[in-house]
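I'd like to ask some things about the structure below.
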């Protein structure tokens, strides 16, 4: 029997395949395509202390094997989430993680406190790496000091599993990973999007209303893989790897590089049922390589 | 009449299309495919103070719309270049720029001094951003202080046009661009490759002998474009843009973002004659948009 | 809910139809002039119930430069034959690749997506299409006809080539044409057509799909006469199912997703679509794209 | 220069033939067993002079996952008909896409690349091929025959399917076969074949192409008898023209590019190919891949 279960702090994942925040809605959008409860976990769209309209249209630019987005944390705020959305999510028999964002430390703490009260939410993912908001967001994720201070504050307020999502737009991601580990994170997830830009040469204008946006998709995979490899060697807490994962082979590469679990983001847009294929593909791989337990694959890269 | 000429410091370029170091050999390798003298300039392979064997094979991994390389500055050293290679390059009626690399400041200075003596070499490109060597290389390009110190030292030794090539593997590329501008650079070129990694899931090994390598090709274009846009707003010296450029449209996007000239790298491998197509395509674009002078397009993005 | 008087055609509640991912076989790829072509696609399974105005997300294979799916309206449906058609104009990377797809190839689509037009029991309705914007109107006209309502159709374009499928419309209903160069029907914009200028008040509902400037002009004229007008918006999309929030449009209630809250909106709910704001450009003179 | 006794076949000096980028038309795509297929390509212009052992870089279109060109040896050439063939084994992304290419499509190739085998006036030469490694040996055998030299050919593989094009070889010269499962010819590795074990000393030169382990075993046996052996290496490539330095192999003179200094090397010049270093694995027992 192939055992796909992994553990992230206190979270028991039936398999290492999760979905990435902002790319899977609240799971509900995918009910028609797959049984969400079969996933290791889902990370729902960023939730902030207040309702946010997000950035203006256009928010999307297609790039070579990837896309830029500048959604800008559009969401109805944590109170709406708690009242309206959360009850719909309790039907899922999997780890529903809330991606927590804001522009200020107080905002982050407010959201974390409110989510802490929700029985069926076993953890949060602290988004200190969103490149698409003017204030806060990525700024917290690009300095070890600021990252540590927001994590410390949230750690005090939040009692369950605290995952911190790291920005790839930095010189030294291991430094920041170590800083958030020291500040009390139970796990780190990486990478968020890379800051990029697209121009419409004919119109001589930026494609995005915000000029720059976050790059995701297969194009970023080599960078994500490198960072996951570096970070998982530098920290003791479990690492969740993501960035361009579109197939079981991609997922296995991240696990070999040191990820305990992985998230699938942009690939959900191309194939809404891709996560199930990835889970099955991982099982096939283990079978073929006669590995009984997925945990034997974590960081098993031979250098 | 369409005027494609641009100026980088004292360099007169007949058009803004140059080739990127390490992707065009010494030009000679492409003589069969195009008339190299038609280009705005070529940047030849990195030259170091001593002969270097480079990294072990495998040095190449294909990625989604891109590739990783870990050549590691293989070259025969500056003395060989001066004696054997340089004489062959004097046949070109274009700007032949030497990409100068090393692991120590003294090494950089030594190469710069020797190249300074070569009459037909009007400029050097200081490579402080190579991710594929253990010492020096990228390290110089990831801190403003180190970047400034190597540029200052080379500036003293080198009297002609000094272009500094920046690393994209940094939190804040404008800071470094400003530091090298202050240290005496006449121009900056960006981006060098992004540090990435590829894994062979079946073999459970890194694809590259060096584990990580430099990512280039269309996949990186959105990141390069963003950095060129940011840097050209931050510095007064001319910016040379590169990273994934494969077509005239790509080139125009970089020019709109603020680049005075552009370099074509990995795309030369896919189509050895692509640079000529890009030059013609830029001319067509200007004609179609009734712009007589390419300089009117530089930084002409409407926000 | 933006859509008044919703009539449930197939016994399904709005949004309760299950979306599916399917490989459909290309039975025919027929050029219909002006870079437009029709793909006739066949399913091995029964088609899901679809509403006019809904769309599908098509995966474009064999195209290194195309990463995301491309949205296209359902042009017509034949549930018995298990076929549907798309009417596509080749305007860029993905549509050009699709224009070369051949019989026997398979196309992976996610469908049916979006809300679709609301259907009405009013006997007098006007359908106004511009260029390739006619795509969803054929399905709409057919459906209305099945419901016993014969719509009046008005289509416009720069020139004859921009009016694909005219025979198909004529089979269903009275169809009027306006071309900017006068090569077919009346010369001018749809909003300058006699039917639009003299008979608009007769209609109890207007449905429109085409270039945004055209739809705005149509919507404002309708609004001036207090006729409800439904417009079908286009937007670049990533997911097509309301997950990414990339395809928003500005409405009176804030950002709404074109892929799930639309693509069909009541023009009165859209920001910047109303007469007051746009009064500068008095109606019939707004040029279509 | 690694290549002794170079004989200039077409009146051109080594490396002086101009490389070109061309769109060739696919005249035929013929499966030849075991995932191998032959592409017959036709040029509208005269072919450039090519030497056996040279290769071309093929652009794989319509494959989002394939970015770089793929190198393939020239399998045979017909200058009069302006055609050439490639013998390809579908083993991955690019080769699988190529296996589905159809007549009439065009393939963009850069060629001719690399040094090619050195040609000799010695009458007794042995060609040893393994699996798809036989690709360049057909062109080599044909060329030698034109020069009046009839080579002896020995090909091996795991099973019959791995020995494509046997009839073509047999037409040109005495051809021996070894298969690991004994399904064709002698059972065992090429280095265990009677010809190799008993007649090797007869030959004045050995040319080999195939899995590296096989080539090493062949080269070491040849070296033991002081017979020059030329081996054709494979390596992943980006540019194919000596510009990127990605395709190096370790030689006695340091890193050399397989694409320009090779793909053919004198085995004595390669690091790690010599008897002393590999003495642990005594020759005939080295298993091919």
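All chains are identified by letter, namely A, B, C and D, in their written order; residue positions are counted from 1 within each chain.
Here is the rule we go by: a contact is a pair of C-beta atoms (placed from the backbone, for glycine too) under 8 Å apart; a residue touches a chain by one contact, two chains touch by 3 or more.
Fair warning: this is a prediction, and the values are worked out from it, not measured in the lab.
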{"item": "Chains in simultaneous contact with subunit A and subunit B", "value": "none"}
{"item": "Centroid-based (C-alpha) most distant chain relative to subunit A", "value": "D"}
{"item": "Euclidean distance of C-alpha centroids - subunit B vs subunit C, Å", "value": "48"}
{"item": "Cα-centroid distance, subunit B relative to subunit D, in whole angstrom", "value": "36"}
{"item": "Centre distance in Å when subunit C and subunit D are each reduced to the mean of their C-alpha atoms", "value": "57"}
{"item": "Residue list for subunit B, restricted to those that touch at least two other chains", "value": "61, 63-66, 218"}
{"item": "Two or more partner chains touched - positions in subunit C", "value": "64, 67"}
{"item": "Category of the chain touch graph - line, ring, star, complete, other", "value": "ring"}
{"item": "Touching pairs - complete list by chain label", "value": "A-B, A-C, B-D, C-D"}
{"item": "Contact set on subunit C toward subunit A in their complex", "value": "18-21, 59, 64-69, 110, 235-250, 254-255"}
{"item": "Subunit A residues within the subunit B interface of the complex", "value": "61, 63-66, 68, 142-143, 169-172, 194-199, 201, 204-206, 211-212, 215, 218-223, 225-226, 229, 244, 249, 252-253, 256-257, 285, 300-303"}
{"item": "Subunit D-facing residues of subunit B, complex", "value": "22-25, 29-30, 32-33, 45, 53-54, 56-67, 69, 71, 74, 217-218, 266, 268-273"}
{"item": "Residues on subunit D engaged by subunit C in the complex (per definition of touch)", "value": "61-64, 67"}
